[in-house]
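Letters A, B, C, D and E name the chains as they come in the text, with residue numbers starting at 1 for each one.
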Amino acid sequence: PVTIRIGAFPNITHPQAMVGKANGEFEKTMGPGVKIDWKTFNAGPAAIEALFAGAIDMTYIGPNPTITGYVRSNGEALRVIAGAASGGAALIVRNDAGIQKPGDFHGKKIASPQLGNTQDVALRSWLRANGLKSTDKGGDVQVIPLANPDQLTLFLKKQLDAAWAPEPWATRLIREGNGRLFLDERTLWPNQQFVCANLIVSTKFLKDHPDLVKNWLRAHVELTEWINGHLPAAKKILNQQIQKETGKALPDAVLDEAFGRVQVTYDPLRYSLLSAAKSAYDAGFLGRQMPDLSGLYDLSLLNLVLSEKGKKAIQ
Amino acid sequence: MSVANHSDLSTAVESRAIGVRTDHAAPTRLQNRRTTGRGILRRITNQVIFYSVLLGLWALLAKLRIWPPYLFPAPWAVASALWAGLQDHSFLIGIAVTMKRMLIGYSLSVVLGMILGLAVASNKFLEETLGALLVSLQSLPSICWVPLAILWFGLTEKAILFVLLMGCILSVTIAMEDGRKQMPKIYTMAGRNLGASGFRLFWYVMLPASLPYIVSGLKQGWAFGWRSLIQAEMIFLTIGLGQLLMMGRDLNDMSQVIAVMLMIIALGYLVNRLVFRTMERTLQSRWGLAPNA
Amino acid sequence: MIPNTKFVAAEPQFPTPCRKPVQSTSLCGKTVIVPIRQVECSTPKIQLQEVSLSYQTDTGSELLALDRIDLDVHPGEFLCIVGPSGCGKSTLLHLIAGLQKPTSGRIAMDGDSVTAPGTDRILIFQEHGLFPWLTVGQNVEFGMKMKGLSKAEREDRTRHYLRLVHLSQFKDSRPHQLSGGMRQRVALARALATEPDVLLMDEPFAALDAQTRDMLHDELEKIWAETGRTIIFVTHNVREAVRLGDRVVLMSFRPGQVKKEFVVDLPRPRHLEEVEVARTAREILDQLRDEINKSLEAEYAHERS
Amino acid sequence: MSVANHSDLSTAVESRAIGVRTDHAAPTRLQNRRTTGRGILRRITNQVIFYSVLLGLWALLAKLRIWPPYLFPAPWAVASALWAGLQDHSFLIGIAVTMKRMLIGYSLSVVLGMILGLAVASNKFLEETLGALLVSLQSLPSICWVPLAILWFGLTEKAILFVLLMGCILSVTIAMEDGRKQMPKIYTMAGRNLGASGFRLFWYVMLPASLPYIVSGLKQGWAFGWRSLIQAEMIFLTIGLGQLLMMGRDLNDMSQVIAVMLMIIALGYLVNRLVFRTMERTLQSRWGLAPNA
Amino acid sequence: MIPNTKFVAAEPQFPTPCRKPVQSTSLCGKTVIVPIRQVECSTPKIQLQEVSLSYQTDTGSELLALDRIDLDVHPGEFLCIVGPSGCGKSTLLHLIAGLQKPTSGRIAMDGDSVTAPGTDRILIFQEHGLFPWLTVGQNVEFGMKMKGLSKAEREDRTRHYLRLVHLSQFKDSRPHQLSGGMRQRVALARALATEPDVLLMDEPFAALDAQTRDMLHDELEKIWAETGRTIIFVTHNVREAVRLGDRVVLMSFRPGQVKKEFVVDLPRPRHLEEVEVARTAREILDQLRDEINKSLEAEYAHERS
């Protein structure tokens, strides 16, 4: 039998993977001839590394690792074949930091989870859009790349004023770190939609096993629809799976609030990724030349699946 | 009279023992004293006192709520995390998996490290080239080996073992080299004079002569390996203590982090007591080295 | 050469004559050492009462190295200890130095129990025990430094004692650069330099050539006579013991016991090659021979078993 | 005749030197041989050959494209990354910042480690309690200290130093303990006999007597510390080699990762050659230990 | 006791008489050792030609330890070397053993240059050099194991030689559990057990009591007589040298040179306390005294400078 090796994070932004893993949807769709080998990651670069090395065939992953992976391999290594989730990031400020409006960020410390990652890029472009400058660009706003758990600690120590954080950390910063929602990133985008996770496949696997990929996409789309149709049940399964993999479930309140800012979708929201890439390039993360991302998407299989189901194709 | 005097003497000496290490008794005699019921009792009492005080201090700090409890959890919170983890077997499985990896990887490292050490020791060319490189390689953090590991072994157990290996193999090799460099000249002279040369000189003379260093290196290698393994598990996110630690951290669950840390410490303590202490003791009593008390 | 010598063989508990420091008088440019005898005696300098020591071997069995040793050493006495190899001479010195603790019995110095090493009793180890990380000069200085002597004083004495053992030129050498005999001499200088009340010497001249040893005998005797120090001197050379000692204690083969004591009543200075010294030595050797035979018997008994 | 014979002999011995280490010449004599022009020349030739072969192999593998170049970059790609990093000074600044931290943290560790070692050595109670704990603590990976560091020191240099300290202080302490345990009994006996006790026994006898172990421990401590520092920098993401490494990894830029690794190795090599080798040499020639060649 | 003894003092290059192994014949239950003289001589067993060695000191200056030594040792000869402490005796043995390399000159064994240690020349180190990680028995076995002897043979010989040095009971002890003299005897047994062509002995009996030493003298002489081995024996005890040697080489004080050779032509077995042995020894001692005086002069010269 063939084996599909697929990566995912035990995280609410990878809902199809978590729910599908839990209820066996993928096994059902792929049939008995296919063995599914799940690999767990908790950071994009490691997943890309594994994809490069041929250790996995597909993975659910955020947009920025996708871009760097594509650019680093000169467009050789991977293709985006579907979206997974949208939204799920927010700018949180500490209640007693005295921040009411963008202008108040002068001289403040803002954290992002990782240099050059999705939130980091979004933060930097938002700052620029609001006429603020980070210290490394000669301004007075300090952008500090810092792991999410450490952001919470520093919120409590009052050494950090704000953070651009993904879910569920945004919610936790609000609930446990005396934080306040300053900006939901969705408000910055058309249709309140921007990609926060998509499904990528290694080019080689896509070429060798288009049928398998297509089957996978079928399950993926079905799961997406099921989740959107059965939100409470889906959330429960999602949380159980997270608990299974991480040893700890999210508190229900956190789950509800966090998931409220996430939308499950199979649309890769191409425009949002391209605009994020532009921002990343502007911030200096993608080298000297704006990379050509025209070959990044291969949505033909997704569209086949959608048309089978009588749904609108995605360009 | 002699009885009275004797007890006089022994208390006098006993009381001195609180000062700097006194080795006025032969090692065998000291071991004797150590294995007496009284000695063990005293040691256990000391340890109970010490750890109780530590625990009390921790409880006090937690009670005072200088730091919020999710950053500085109280002992009972950690205890309940520990209990929960043990209840649902996740900790036990983690320990089992991690220990299994450690045992395999460490044994491999020791064997390979010794072979490497032998190669470097027995070949002038290798020593001048590879030898110098090895020490420098040792300062690379384990994360550097992760891409190579994935490249060569994929996301398998082997990759984790590789990272672990790269973490501790060099400790063993370097300890062997140190032992060889610092060992008294008379041993190799006597060995060569009695007809040992080449491999046999290494095996029968240089290796045993540098045993004290090798034991020290094995100890350090164990620590290095353990750290590398935990880190590898954190990166690869496969079952194990490293994953539990990472999850605790990712979820900002300090009770779990500390519970896992306690387990790591306890395991380290156990291995040290059961394995390395025994090795040291044997060495000391056989070689007649300074007793450890 | 010197006719009026006397030799007394004594049972272990024989009340040995007690000596005050001898006086040395200069006679035609040559120092003649004349012991002054006293009948009355203060407390012994070192006193061993029923001292036993047993080592535990790997197999768990016990090896009785010293068996109920009773021994009094008087202030200013030069006591020599001889005995077959492995009879416990070194162990005895370690006990007196306070480096080991007897399994039973009591050791007292000036009436006080010995429980730890002290600078009043300096031991010259059989295997020298020089510190490899110090130069020869620093090794000699070490004990004085621990005693807190001033730098000038230390340098003075170092120079003096290194010269005494003929090693001035090697002040800045490292111990590993010396020959076996030279190391022994450094150890000697190191011990002498601290100028302790009691000197415990474990075969200090074993690795020396005859000439050097003769000269050091003279020097040691002179120091002893001039300062009134108490010396316990272990040697395997019976003649050397007779040459130096006021009293020679013969130890028995395992377990080490005091087999016999000999008071050597020859006038000083004596000479190793003297007839009287040789005769006395032969007397002791005969006794020693018995002990060795015992060791042979033990050996053959073990063979047979 | 004697001249001819002499050269005969010396070549005979020279050719033997390719086999297992022969220490038939006194250390001072060997050092002499080593510092001769010919010896140095040969060593350099050896090293040039070795590293050229390594480089050639790497180039070959890269050329063959067994692995994709974005995962296994060619030497020239790494060279250009190195060049770029040096050009825009980011590497130089990284090295400077990291080395500064390392020097401060390492010196602190050595001092504190020794004090800790002394405390444990001089107090029976501490030894039986703290002593056992220390070895176990050593197996905790540095990441465990990060939450505590942030909690206590916030986002400051101090936090990084704390992580570094926790990484290498124990190596030094443990090496001191090992040295004390394995050192020949005669030294403490002689020291105590000559009137040293308490602190002075430790300082003037036990410490120098265990120097060979301490040097070995300092070496291992350096490696431990270096790893911890890099990891701390990766987590705190402040300027430094760790950050450069992390950025390379986050951006999946293998050329940069390898370039940074090469810099770490080179620094390790330099420090080892300049500092630790010298210490070892001094020790060997002073103590008359087995020469290293 | 034995009247017909002869003593010849010889210049260094004096052609020493060459010996074949002596024969021992049993006479009334006592072994009498009779040397057989030969005038014709094959190649020397060991040949030193203009051998010099200098050590480099820390300060960079050189210390000339051996200065152009010329020495032939004949097959089956028992050669003793005496000399003042630090004159280079141990260094000389190390050179012959191949453990050190001369600064200049040539050392040959059976005509071949010596460049490395070999099992045909076994050295007993002055500081024993026992392996602390092996038991006494394993230490003795070590050389035989390296030679590839069978287990049974090894055990046999170990038993035999341990018994020879009276240490059968300590077969399973560790070296550190032995006394100084016992360690020296183990080292002796270890060397003898490999049964080498040439035995190099560096003060092997220095730490032994008179009786034990006497017995070991007898044993050594017997082994030598029975096997025809060549022995180079360093000692600081001139009498011992005369007791054992066919020839005694006196070395001069730094730099070590062959000052004089003495052919000892006394019938064997000799005894340490014999008058003839004593007389011969005194003769050598007188020469030694000159050397010591030189060392003293060097000492005082250094003092003054």
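The rule is short, and it goes like this: a contact is a pair of C-beta atoms (placed from the backbone, for glycine too) under 8 Å apart; a residue touches a chain by one contact, two chains touch by 3 or more.
Not measured: the values here are computed from a predicted model.
Peer 1: Would you mind checking the shortest number of contact hops between chain C and chain D?
Peer 2: Shortest path length, in steps: 1.
Peer 1: Give me the set of chains touching chain D intersected with the set touching chain E.
Peer 2: Intersection of chain D and chain E contact lists gives B, C.
Peer 1: Centre-to-centre on C-alpha atoms, which chain is most distant from chain C?
Peer 2: Most remote chain from chain C, centroid-wise, comes out as A.
Peer 1: Could you tell me between which two chains the number of C-beta pairs in contact is largest?
Peer 2: By number of C-beta pairs in contact, the leading chain pair is B-D.
Peer 1: Starting from the Cα centroid of chain E, hunt down the chain whose centroid lies farthest away.
Peer 2: The chain farthest from chain E, judged by C-alpha centres, is A.
Peer 1: Rounded to a whole Å, what is the gap between the Cα centroids of chain A and chain D?
Peer 2: Computed from C-alpha means, the inter-chain centre distance equals 41 Å.
Peer 1: With chain centres defined as C-alpha means, what is the inter-centre distance between chain C and chain E in Å?
Peer 2: From the centre of chain C to the centre of chain E is 28 Å.
Peer 1: Counting only Cα atoms for the centres, state how far chain A is from chain C in Å.
Peer 2: Each chain's C-alpha centroid was found; their separation is 85 Å.
Peer 1: Scan chain D for residues touching two or more other chains and write them down.
Peer 2: 22, 24, 67, 71, 147, 151, 187, 189, 192, 197, 249, 254, 286, 288
Peer 1: Residues of chain A touching 2+ other chains?
Peer 2: Residues 49, 53, 147, 149, 153 of chain A touch two or more partner chains.
Peer 1: Of all residues in chain C, which are in touch with two or more distinct other chains?
Peer 2: 55, 57-58, 99, 116-117, 127, 174, 177 - these are the residues of chain C that touch more than one other chain.
Peer 1: Going by the contact rule set out above, which residues of chain D touch chain A in the complex?
Peer 2: Counting only chain D, the residues touching chain A are 67-68, 70-71, 146-147, 150-151, 154-155, 235-237, 243, 246-247, 249-254.
Peer 1: In the complex of these two chains, what residues of chain D are touching chain B?
Peer 2: Touch residues, chain D against chain B: 17-24, 27, 43, 46-47, 49-51, 67, 71-72, 121-125, 127-130, 132-133, 135-144, 147, 151, 170-171, 174-175, 178, 180-185, 187-189, 192, 197-199, 201-202, 206, 212-213, 215-217, 219-220, 222-224, 226-227, 230-231, 234, 245, 249, 254, 257, 261, 264-269, 272-273, 276, 280, 283-284, 288-293.
Peer 1: Flag every residue of chain C that touches chain D in the complex, lowest number first.
Peer 2: Contact set of chain C toward chain D: 94, 97, 99, 116-119, 121-123, 125, 127, 129-134, 142-143, 145-147, 174-177, 190, 194.
Peer 1: For chain E, which residues count as touching chain C in their complex?
Peer 2: Listed in rising order, the residues of chain E that touch chain C are 55, 57-59, 82-86, 88-91, 126-127, 163, 166-169, 172-174, 177-182, 185, 203, 206-213, 215, 236-238, 273, 282, 285, 288-289, 291-292, 295-296, 298-299, 302-303.
Peer 1: Using the touch rule from the top, collect the residues of chain D that touch chain C in their complex.
Peer 2: 186-187, 189-197, 200, 204-205, 208-209, 211, 286-288
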